[in-house]
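The following pair of complexes shares a single chain, subunit A, combined with subunit B in the former and subunit C in the latter.
Now for the complex of A and B:
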């Protein structure tokens, strides 16, 4: 069985050129997507580069298992929100199309176009096309227009990744969407695309995936597809999608209520996934190669308009009870969020903060351009979201820059009301809740407060398997590492052992952290929680009260670094570990910064 | 130790956990007489596992474009997948066979094995495509770099000996494909009603979402 090659399509928007680079050796060391992207960012983005300048890169990453265990595409870049390493993950069939062009290490975007453009990739045909007619359009119209145009030209269905007005206007938490409901949201990849004048990326491949042994891959895959474990998993995922998590988390004081101020409140009862499903669920949709099919789009026709979209924890969790609304009101907000193109988790936290600041007189009606913000109002929340996307008015323009930059505009007193970690909103998985919450995960992250930051994701986002699809695979084969091992060996023709797979995960995790360390992150100055995590306790529906003690947090943090993240007690990658994993080239760079353990 | 075999009769590698019971065709009786694969559009989630099974069965590789089953992903504007495959039409409605310039037609229904067949020797090749055009739903597939001749659903009777065993129906996790007897007058279903291009089906499904009042929701444009 011969090993397969990995090719990266490199597109330079400044020079309007493209070439194919063989990155097989790098993929063997780091795997694809986020693993390979670590290397690309480290090598290609100069230290201290402006994330919104032409020096930043955007890697549309696929990997060896994209299309086999879910259909993950990981976008990697330097984040305009934190200034550290950034990555956003999306599903949908864009990954499958990239794999079928046989650019199986993804697409790397460099430079900056001198006018609005979109990238057209149709097998070997790579073109940078004018997008002046698409610029300014909202997301759905952009995607439908472009897909329709390309369908007429080629009679093929293209997959399209695009940005909305927020990305064009460089809102620092703008996102990128495909198929309207699949978003790569975190840490501002939409703003990176906008800064490159890149409105969209359209891809179609008809060459089929490269696998070392198709027969063996198919046998493994068929075992998954026909297993009763998969059947049980799919029955849950395909019925509910991700609408069930929020009501549960709200009851366990794990999701923000009124800008994370309140304990259990009756507003929680307004998030009811059964009612939502029976009233608004239209059908179930999934990604290529995944039997779970966890996308359950809704459609609501109301007096205020017709709204379609998808409830995910990421686009609803930050709003909902956090601005005193329930599921019944969320379709309009979720649809508008998707249209404008912003990360719902970040935006939810920002909007709740703005309402809080308005209530306490820190920002005024004039600052907001004439909006009387109030809790539980869909209308004013939507107005504010639109103003943020277009940066209209003093307050919305400041909010569009994220918490840390907005402090400079709103002043010290605004800080108490902000519920953020590392400058990223943390409305969901409340950091105070030590059972289901993300206090330690978010508080020790080198990327900002979000889920998917530890060793697990360092493996899954490099091998490219979807965390929502992995369940039955891990049950059938025993562990995630074993799943990765059998599938990677069959697909790539390698001979990895479980120990090799664990090493790759650790290598990718260290490397990812090293990029943030190079760009100014340091656990000693950055790894803390907002003051309210220590001074404002919350109580869940069942009577448990959650709050951190400062000394306790410091103690737990040290344990978390060592036990769960394989770091030193100071939260730094250990020198011996870096050497053993072949990352010794980072030591001379990070040593003078005091960032090696 | 005897080699373990999966439901399709293929050997299972040792590193694969014991294969589980397959659902799908076991749940209902094997069809007697002329039969076809019916697509249930509203059940389809677009995973494309049927396509992988199809291309594996016929070409030994995983490649959706080498599949006789067709799954297209639409934006209505919410994402929806829609399948289409050969309906094994009755003689009166077999437009592909009528359109074939070769006599006897290279593409024909084999009465001994009860499925469509394309004669590898007499077919003019992928350049002709008159059958494909006459059918109108793009389920007669072409892939010039691999095969000279178009290919069409043969119900996985690869050796053309009457052993129909459609793998796509076997693996579909959502039971969105049925392998069933054609029913209706004279044993044949009236297939022209179901013979719709995925684009046309998409347009019909999209009507569930209209009228839309929000300005930014645009009508799927492919029929304009």
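Now for the complex of A and C:
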């Protein structure tokens, strides 16, 4: 069985050229998507480069398994929010379409166009097209307009990834969306696209995926598709989507309540996703090839209008109760988030912070461009979100820059009210709750206050596979690593062992962390929790009070680095580990910075 | 009454094979509350205690969502909800993120 080749479509927006690059050897070492992107960022983005400048890159990443185990596309870039490595993930058809163009290492965007453009990729036909009529449109209109236009031209239905006004205006947590609600949200990928004058990417692939052994891949996939475990997995995922946890998390005071100030509060009982689903769930859908089918959109009519969308943990968790709204009021906010194009998790912390600052007189009505912010107000929250997206007004423009830059505008007294880690909002999985919260994970993340980006994701976001799809796969084949081994060998013609797969994951995790270290992240100064995590206890519905002791956090951090992240006690990648995994080239760069363990 | 668990999840609880189990009213125990049923299930299924209900603290672990006749159990009387013939408890794994 011969090994397949991996091709990267490289697009230079400055020169308006494109080429196909053979990256097979890199994919064998790092897999694709976020794995390959580590190498691309390290090699192509100069240390210290402006994330909103033309030297930044944007990799729309797929991997050898994209479309086989869910359909995840990973965007990689240098983050305008943190200045460190950035990554963002989306689901939907875009990954499948890229795979079917046979640019099976994804699409790399370099440079900056001299006018608004969109990228058109239809198999081998790659064009940089004028987007002046799309610039300024909200997301749904952008996507519908472009898909309709391309359908008329080609009779095909393209997958479209686009930014909204927030991305155009370089809001540092602007996101990118496909199919209206599948968003790659974290760390400002939308602003990176906006900084390149790239309004959208439209992809259609009709060639079919490249596999070394199509028969074997088909047999593996059939095993999954026909397993009773898969059918039963679907029953939960497709009925309830991904917010089954929300009522519980809120009762454990794990999702922010009133800017993460309050203990369990009656607003929690107005924030029940399970009830929301019973009332407003309209249908169920899934990504290509995935039986979980966990996309559960809702539709709700209200006096303020009709709103549709999907509640996921990441777009409403840490938002609704954090600004003292119940779920009945969230459809409009979630829809606006999607249309303007901003990360809901970041907004949940930023908007709550703004209300807190207004209440305490640190920002004024004049600063806000005439808004009287209040807790529990859909109207004022929506007004503020629009002003942030368009950077209208002193305070909204500052809020659009994220916490760290906003401190320079609002002053020292604003800092205590900010519930952030690494300059990123941390309204969800409250860092104080040691049971359901994620203080250690968020507090040690080199991407900025994020759970779930440890060693597991270093594999899943390079292969790619979707964590929500993997349940039955892991039950059928025994472990995630074994799933990856079996599928990669069949798809790529390789002969990996489980140990090889684990090494790939660790290599990718270290490399990803090394990029942030190169850009100035250092655990000794950056891995902290907000002061309120130590000074402001919260109590959950069941009577347990949660707060960290500072010495305890420092001790637990060390254990977490070593046990869960394979780092040294200082949170650094170990020299011998880097050498063993073929990453010794980072040592001369990081050692003078004191960033090697 | 009927006790319903997702099959793959049932194995996690130590329930072999089946996804659905009928519990007789006698098995619901003493005061026929959800609490007394859970206490009995902890002794019956190997991993039920660590996954669903800690009989030492008498608290749910928070890792499982329990539906009572299709709705969030906590919207009824929580663990003190009384069970009777025809009632269904459904245990669903706790999914986060996305």
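Keep in mind that, in the parts below, the second predicted complex is superposed on the first by the 596 of 597 C-alpha atoms of A that agree within 3 Å, B and C clash if a C-alpha of one lies under 4 Å from a C-alpha of the other, contacts with A are read in each partner's own complex, and residues count from 1 in each chain.
Note that in this section a residue touches a chain if its C-beta (ideal position, glycine included) is under 8 Å from a C-beta of that chain, and two chains touch if they have at least 3 such contacts.
These figures come from a predicted structure and were not determined experimentally.
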Original post:
On subunit A, do subunit B and subunit C fit together or clash when superposed?
Top reply: fit
Original post:
Touch check for A:289: first (subunit B), second (subunit C), both, or neither?
Top reply: first
**OP:** Examine A:527 and indicate which partner it touches, taking first as subunit B and second as subunit C; both and neither are also allowed.
**Re:** neither
Original post:
Which partner does A:430 contact after superposing on A: first (subunit B), second (subunit C), both, neither?
Top reply: neither
Subject >> Partner contacting more residues of subunit A (subunit B vs subunit C) >> reply: B
Original post:
First (subunit B), second (subunit C), both or neither: which does A:305 touch?
Top reply: first
Original post:
Which of the two partners, first being subunit B and second being subunit C, lies in contact with A:244: first, second, both, or neither?
Top reply: second
Original post:
In the superposed arrangement, does A:143 touch subunit B (first), subunit C (second), both or neither?
Top reply: first
Original post:
What is the contact status of A:228 with respect to subunit B (first) and subunit C (second): first, second, both, or neither?
Top reply: both
**OP:** Using the superposition on chain A described above, determine whether A:219 touches subunit B (first), subunit C (second), both, or neither.
**Re:** first
**OP:** Determine the nearest approach in Å between the Cα atoms of subunit B and those of subunit C after overlaying the two structures.
**Re:** 12
Subject >> Shared contact residues on subunit A - subunit B and subunit C >> reply: 228-229
Original post:
In their complex, what parts of subunit C are in touch with subunit A?
Top reply: 6-9, 19, 59, 62, 65, 67, 70-72, 74-75, 92-98
**OP:** Quick one: which bits of subunit A touch subunit C in the complex? Just the residue numbers, please.
**Re:** 228-229, 232-233, 235-237, 240-242, 244-245, 247-249, 251-252, 272, 274-275, 278, 294, 312-314, 429, 435-436, 451-452, 467-468, 471-472, 475, 542
Subject >> subunit A residues touching subunit B - in the complex, by the definition given at the top >> reply: 92-93, 96, 100, 138, 140-141, 143-145, 147-148, 151-152, 157, 159, 179-182, 206-209, 211, 214-223, 225-231, 234, 238, 282-291, 293, 295, 297, 299, 301, 305-310, 335, 339, 476-477, 486
Original post:
In their shared complex, at which residues does subunit B touch subunit A?
Top reply: 6-8, 10, 12-13, 15-17, 19-23, 42, 45-49, 52-53, 55-56, 60-66, 72-75, 77-81, 170-171, 173-174, 208-209, 211-214, 216-218, 220-222
